[in-house]
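Each of the next two complexes has chain A plus one more chain, namely chain B in the first and chain C in the second.
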Partner chain A sequence: MNKLKSIFTYGILSIAAIVSLFPFAWMLISMTNKSSDISQGRLLPGSNLLENLRNLFESYNVGSALFNSFFIAIVATVLCLVVSSLAGYGFEIYRSKGKDIVFNILLLSMMIPFAALMVPLFRLFGDVSQVFPAFGIDTLYAVILPYVSTAFFIFFFRQNTKMFTKDLIEAGRIDGLSEIGIFFRIYMPSMKNTFAAAGIISFMNNWNNFLWPLVILQSPDVQTIPLLISNLGSGYSPDFGIIYTAIVIGTIPTALIFFFLQKYFVEGMTGSVKG
Partner chain B sequence: MNLRKSKSIIGWVFILIATIFITLFYFYPMIQAFILSFKSGMGANLQFIGLDNYIRLFNDPVALIAIRNTFIYLIFQVPIMILLAMFFSVLLNNPKLKFKGFFRTAIFLPSVISLVAYSVIFKYLFSTDGLVNQFLLNLSFISEPIEWLMDPFWAKVLIIIAITWRWTGYNMIFYLAGLQNVDNSVYEAAKIDGANPIQQFFYITVPMLKPIILFTGITSTIGTLQLFDEPMNITKGGPGNETLTISQYIYNLSFEYTPDFGYAAAVSFIIVVLTVIFAVIQFRLGGERK
Partner chain C sequence: MKKWKILFAAVLLTMVLSACSGGSADGASDDGGDPDAITAWAWDPLFNIAALELAEEQYVQEAGDFQLDIIDNAQKDIVQKLNTGLSSGTMNGMPNIVLIEDYRAQSFLQAYPDAFYDMSEHVNIDDFAEYKKAPTSFDGKQYGIPFDTGVTGLYLRTDYLEEAGYTPEDLTNITWDEYIEIGKDITEKTGKKMISLNPNDPDHLRHMIQTAGTWFTDEDGETVNMAGNEAVGEALRVFKTMLDEDIAHTNSDWSSRIAAFNSGDIVSVATGNWMTPSVKAEESQSGNWTVVPIPRLSVDGAVNASNVGGSSFYVLNIPGKEQAAEFLASTFGSDTALYQDLVTEIGAIGTYLPALEGEAFNQEDEFFAGQNINADFVKWMMEIPNVNYGMHTYASTDILIGELQNYRSGKALEEVLEDAQKQAEAQLN
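And then the complex of A and B:
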């Protein structure tokens, strides 16, 4: 009976693991193969990796797509961490009736689906283009700005601030620190885990974002990695070697973050549920 | 008194930037969308047409197909994924299990890849002469290749398979976290009372995980209502409009066809209304447990 149960458990989990891992193995193997071998379903690594890399970098502007994606993800994450942590801290530490009302109103924005925002946002940035072209349509800043402040991260920081030792604030005041000084010198260093968790989630979301960049970015030199992959995938005579190489390159940053910062990753995910 | 007052003002300064940004990029566009939904025309040349966009919506066969498709994904995909996530987490929670870390990481790994990247991979794996058909043919499960991308039924199945692959491990993490709070002695007591594993699952595990089932259920539902990346990159909404989602239709109306921002805004309010309904359910039920 018990033996049967463990065969069942290991059997199911092994199948689940194989199904989960197969597409990753497939993209890594295909990255090293010729397009014709890939379409035959070749499951062994080949020797075409350098050729694929060269074709990809010669025919498409991958360098600039990588730069754009990193720029968007890093700038958006840094701004988002500062703005939302300030707000989460402000709502919790300087709590008042008025601020609680504002907080609840801000939370309502979580219910607004992006599909409803894309048209008016596109028009808004159209207007911005008239006055400040540097922040308007077809710029990386237009991709970043709507993600600088989101209710999710404000909520996340407020929840985590509840666990921050309030005595430290008093100690800071006695030491003569200003209120903003307390935030930067005491709160930030003691909440490293929270910042790491939020930073990872924000980076991943921005790195992988597709719909908003698709709407707001038009010219080739502001393309991001997901836009590039999507374009490659919708071509009529695809070179599979090039496509899988691009996919692997686009997945490396998030995969590295996952493997090295797994602890914060899970903390960030589950930390938003409690409370 | 003066000190308290200045503290309160400093507090407002802390929340100021975030509040301005959310107002500017969420609330203001939302109001604009609402106003826009009563207008028609192109570019800056918009005129008030009253409720015409909403009347058109209920007579637009494509909009109705997109709504139907979105609900098909919702009704089948969300329960399948949640049951799988719960099932895997229960198997992984077995204290005697070996290679637990490997299994957990492997099942979670799909959450790391971008939606566009995995969609493109799935599109090729499931093409007519793709690897999945080769595999099924070799094992004689099927006698001729399945037209995953061309057949209205199988294309929907493919979208459901794809989303389930991407999100099951993600949801599983929440269940694993929830199971850590379940005291093992409850199961010991149940065993003594003669409850078999299936009874234990339905009478102990499921009730204990109810808040997490609710959380994952609602977030997945809201996510599915906004589904875009997968149908866009796997099937382009085709064949015909058989895999088209509401989000994709809004995108097409605004940026693929002759732009009709007013009508697109009206269509987007279907998602707004549905999202609000599900979010209210979550807040209501979530409030109950406290």
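And then the complex of A and C:
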């Protein structure tokens, strides 16, 4: 009976694994095939990998797109971690009359889809361009700034701060640490897992972000990887070999970061704190 | 943690430093003065962008100092970017020249008439194919410079026809009903499907309906005209019959649509002339293809000529507009030599009438067994019925494609059209 049960369990799990891994495998296989083979659904690896890579790197500025994507993802993630964790920490630790009302309003802002905010935001950056062109439309900072502080991450940090041992703050105060010192020297090191989880989510969001960079970035030299991939499909007869190669290149960084930080990520999501 | 502070400080420093140094780099579309270079947004590096590059090359030879920055964006991305930019009211970052598909042009021109530059003085629309006029003008003003034609043809595999005992003449100037009858016979004899259809792709509905000279909206471009519209009903019926009669191979996206004919699985392709490069991509089929006029609907007044896709250039009302207008007027608006090169070098057939003859249109194409397909396409282009695509082509066809599924599962055609009409009226007005 037990054996039957485990066969059943593994059977279901194997099917689920195949379903979720197949697209990934197909992507890797397609990277090595010619465009016409891909559109006819060839499932075996081909010998066109170098050709695809050469075509991609010769006709498109992948290096600059990779740099822009990394720049946006790293700067936005670091800023977002610092700003949102300070906010989440503040909301949880300090007392204030209007705290909960402000927090609820903040949460409400999560209900507004980005598409609805896009036009006003674009207008705002249009005005910014008049005063500080370096932070306005068609700059990488215009992509980063709206994501520096988001309701989701403030909420995420506030929830996780609930599990933070408040006695540590008292201990810090008695030892003569300033309030900001407590945050950086006690809170941050003991909440490593939370920061890692938030870091992964923020990095992936910013790396994969499409809609906002699409409307705000115009020139080819500020193009990011997702925009480049979208452009590859712009032709009437697109080269699928190049497209899949670019998708693989765009997937590698997020996959690597996830694999390296996976341990922290799981712990951070389940909310454990190393005291 | 010191590390954190250092990292944070480093990030801030990078931001400030690179922001200061980057400040002077942009400026192409900042206010005041003429910009150093004209920017253009278009899609497809092998077609539209190649055409712009050719035009730039020829213009620089004549006019000298001129720089065109062509930015490659997917068509749907251009639509998104334009909509966001124009509806926010800030023209910052907008290009000087933009390529817009004819089906969508009115939705931009009518929603943002001030955003586009009036080209009436730069171009004579009567020099272009008649059917290009309605999509590219609004309120008596000419905004667009018409570019490529989407004239349709029926691409046929002559070897399969022969095997089944037919000649291309048997499929020339026929109705879709005759096409289905012949198709059933060919499919039975050769085992090859007659056509590849995507039940979710409205391309076929659009070109079928245009053969009858009507559209989903009335001539004003706004009043929904689907309930009781004979052509729309006929197109749905033909589309459904082809799927039901088992003469159609079904595809689900662009790549499988192209694979269907490249792999030799189907006998015919009914679409715009821009499909030619994709058909020719499979060199092993050289000599086995021919193109005949597209079938027509069995409706009074329907002709064997139609259009699918096709786009035009527009100039935005921002600094640099005179330069951009001048460039377009002296290239796509009047340069007959350029149009010859467009045909021979990238296979793009324009709609500028004075340029539709000459050497480029006298060439026999070995792939099509010596047929002079460019001249044939031009001949059919002259017969395309003139319709106003109006504001809502994409929304209307989305509704119809949804209703097509109900029709296939047994709903009466009359009811299908009435429901589509109601949905469209509720959604669009």
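Assume the second predicted complex is superposed on the first by the 244 of 275 C-alpha atoms of A that agree within 3 Å, B and C clash if a C-alpha of one lies under 4 Å from a C-alpha of the other, contacts with A are read in each partner's own complex, and residues count from 1 in each chain.
Simple rule for what comes next: a residue touches a chain if its C-beta (ideal position, glycine included) is under 8 Å from a C-beta of that chain, and two chains touch if they have at least 3 such contacts.
Only a predicted model underlies this, so the values are computations on that prediction, with no experimental measurement involved.
Clashing of chain B with chain C is the outcome of superposition onto chain A.
By the document's definition of touching, neither partner reaches A:196: not chain B, not chain C.
Considering which of chain B and chain C touches more of chain A, the answer is B. By the touch criterion defined above, A:177 lies against neither chain B nor chain C after alignment on the C-alpha atoms of chain A.
By the touch criterion defined above, A:49 lies against neither chain B nor chain C after alignment on the C-alpha atoms of chain A.
In the overlay built on the shared chain, the residue A:188 is in contact with chain C alone; chain B does not reach it. In the superposed model, A:28 makes contact with neither chain B nor chain C. Using the contact criterion defined above for the overlaid structures, shared-chain residue A:16 touches chain B, although it does not reach chain C.
Within the superposed three-chain model, A:261 lies out of touch with both chain B and chain C [touch as defined at top].
Of the two partner chains placed by superposition, only chain B is touched by A:251; chain C is not. In the superposed model, A:66 lies in contact with neither chain B nor chain C.
In the overlay built on chain A, none of the stretches 6-14, 24-32, 60-68 or 96-104 of chain B clash with chain C except 60-68. Shared contact residues on chain A (touching chain B in one structure, chain C in the other): 39, 41, 118-120, 122-123, 211, 214-215, 230, 233-234, 238, 240. Touching chain B in their complex are the following residues of chain A: 5, 9, 12-13, 16-17, 19-21, 23-24, 26-27, 39, 41, 83-84, 86-87, 89-91, 93-96, 99, 102-103, 106, 109-124, 145-146, 148-151, 154, 179-180, 183, 204, 207-208, 210-211, 214-215, 225-226, 229-230, 232-234, 238, 240, 243-244, 247, 250-251, 254-255, 258, 262, 266, 269-270, 273.
Those residues of chain A whose C-beta lies close enough to touch chain C in the complex are 36, 38-41, 59, 74-75, 78-79, 82, 118-120, 122-123, 126-127, 129-130, 132-139, 141, 184-185, 188-189, 211, 214-216, 218-220, 227, 230-231, 233-238, 240. Contacts from chain B toward chain A in the complex involve residues 7-8, 10-15, 17-19, 21-22, 25-30, 32-33, 36, 87-88, 91-92, 94, 97, 102-103, 105-110, 112-125, 129-131, 134, 165, 169-170, 173-174, 177, 197, 212, 215, 222, 225-226, 228-229, 232-233, 236, 246-247, 250-251, 254-255, 261, 264-265, 268-269, 271-272, 275-276, 279. Against chain A, the residues of chain C that register as touching in their complex are 1, 4-5, 7-8, 11, 14-15, 19-20, 22-23, 26-28, 30-31, 39, 43-47, 69, 71-75, 77, 80-81, 84-85, 87-90, 92-93, 95, 254-256, 258-259, 262-263, 274-275, 277-278, 281-282.
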